[in-house]
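Input: one structure, supplied below.
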């Protein structure tokens, strides 16, 4: 029983090892030379005087939230698409309901004008 | 030693950043500022509340250097100011000196000047089309534009030996006659270009994204445009029918028949249409210039100003004296001040020349069209999204070498 | 007026760029070949920073254009931010007000980095000898290749990039007669 | 009639200015077809307003200054304006004395002269009273001196030829 999951474990281990390699090999090879100027934020060539950490408008947060909602919806479609052939018509109807719910959300948001940029 | 702590301190009375507005540096090193312009944007989220353009990052002290050079030496300087249309700068500078001294330019030299200026206008508008398209995402347009612009630069090179900085004018005419075979190359250029412009138009003119990004963006009305002092295609896009070639014809422009495109609602899209239409008109002018190019001298015979031809040197002593005097100290102008102006792709390019009777200009003020167009940026970007600031700056078509002088 | 704070140690390329774990083993066959591979990798993909100042920038754009395509030599992308670029082509005249900006952009570029002073104005201020122009970009940042011309033709810029690649690979710039 | 003065403004304009402003108009000249008038600083703003409202000069070309160190009122400040409608052009000049050159600003009449006057302040040191935001535009903010004055002679550095050795300035001083 356990052996059914063996390939998955090997795959995870490989991912983990590759991640470590990618993370630590290049800095070790190239060597890093931090200088004071490199740590400053890049301000189109101007030496910044104030720190770049500033409060910014709430509309960014709103747009980010909307993006996450519809992005996650897209992610759910991938596994569904892989096994759609097995699900046959049941899968199609199921996904239609799922998408319809989010469509209503999209129409509401669009009507509210949250998509246009406005504080 | 070189000072390094300059341009760091806050500038402007209101340099203290307001709490809720974020101050963003669209700084000198920025892909879409068409050179080294720094715009301090005050952003309320994505909406621009205030824009303070900080220029001078390419200030080369041309006006100080002109005072140190004789009139003929100044010609090579005038190339480097507006480096997208150097021939037009040359003609402008030399027109000021000719107006001061009162020299008549022979007709053949006038037509050669018109040909070189219209070539420069096509090359400059092509570059504008390429780079502004690049800012708005038309990556392939850049390569179309450069394919056509290289043809114009080949013509420059065949005539003056240099691709961009031709320095082809002399006071009283042009430096050399057209090499033979050049006119056929020009004719091939004139035949192929309309097709190339159609490529561009088919790609851009009724492209919905191009419409959406440019239509209704950066609108300036005719009255506001005159008050703000904008010039060139930006002024004409707002409906003001003012083109120096029609209003004050110089270099024989009065006997070419071409129209001046005038826009209606003064937004970025109209400025795009102005420039493309101007390219087509320039090709018409080029065709008429090639058809009736007069023969005769290409520089004035007035020995006070123009060098005698080589052949004459061996024959007459007087020519040698003229040659020596002209080469060693140049010619002197009367005391007085004159203003001469030409139509550059960006607008009216003027040269205010004050002379105190010596062989060098006492004061040479250049009226740069980019400086005047850039001044309107502050009014154009109020309450606009940041992405539209890029479109507006692209549509103003300013060149920092011309603006900072 | 602030003094010009120069980099104490000028930047070197390749192995001279200071000890990396590779050179800890000294110059034997293994490390020198690895150096050749690393330098070959660095040389064949130099991404210039999009740093156009004046007229030479137009010829630099010409070099990117379809006729003299600089991406044939590995400089495919002109990166807008100095963080992702290895080469700073100073194309144009350097105004006094631009000095701290050039210094900042150069400092914010990660090593290994190189500089091409494109055109007479960047190399020696060309025809401008007045209050507003720094007499050569050499006074601000160390320069690897000086490219004459006003403006240099796009082909000249390609030649400069090729010479820089040979310099990075450690080959002599000038082919001495055999 | 050479081409520059296609619509030579008749002397009537100068006459009208003379009648209305009397002593305000000091001289006028017609050199090479360019009409120019020299005004007193006091009468400058009224004449400018008159030119814009009644004479239709609505488009500002440029504003600059000329430095005559030998002459007593050292600076001549120049504005050039054009009437797009009837295609004429006039050059307004006024003078400013040395210790502290002051000239009224014309941004209230022609808003386009905002940057031009800032540049004249930056390069000549002439303060424009009434200018909304007079600060340096071309030179760095902390720059001392006014470059375009005739006595500001700083023509860069001496050119170092390869055979001359100036310590501290050799290009490889940086490479160390």
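Some notes on this structure:
Letters A, B, C and D mark the chains as written, and numbering starts fresh at 1 in each.
One rule holds in what follows: a contact is a pair of C-beta atoms (placed from the backbone, for glycine too) under 8 Å apart; a residue touches a chain by one contact, two chains touch by 3 or more.
Because the structure is a prediction, the values reported are computed rather than measured.
Among the chains in view, B has its Cα centre nearest the centre of the complete protein Cα set. The greatest centre-to-centre gap from chain C, using C-alpha centroids, is found for D. Centre-to-centre separation of chain C and chain D, using mean CA positions: 42 Å.
The mean-CA centres of chain A and chain D are about 58 angstrom from one another, to the nearest whole unit.
For the pair chain A and chain B, the distance between C-alpha centroids works out to 47 Å.
Averaged Cα coordinates give chain B a centre that lies 22 Å from the centre of chain D. Contact with two or more other chains is made by residues 82, 96-97, 100-101, 105, 128-133, 139 of chain C.
Shared interface positions of chain D, i.e. residues touching 2 or more other chains, are given as 139-140, 143, 147, 155. Residues of chain A in contact with at least two other chains: 45-47.
According to the touch criterion at the top of this document, the contacting chain pairs are A-B, A-C, B-C, B-D, C-D. Of all the residues in chain B, the ones that touch chain D in their complex are 3, 5-7, 9, 11-13, 55-56, 59, 61, 63-64, 68, 99-100, 102, 226-229, 240, 242, 247-250, 336-341, 348, 350, 352, 354, 362-363, 365, 367, 371-372, 375, 404-405. Residues of chain C touching chain A in their complex: 17-18, 20-22, 81-83, 100-102, 104-105, 107-108, 110-111. Touching chain B in their complex are the following residues of chain A: 43-47, 49-50, 54-60, 117, 119.
Residues 139-140, 143, 147, 152, 154-157, 159, 171, 174-176 of chain D are the ones that touch chain C when the two sit in their complex. Those residues of chain A that touch chain C in the complex are listed here as 28-31, 33, 35, 37-38, 40, 42, 45-47.
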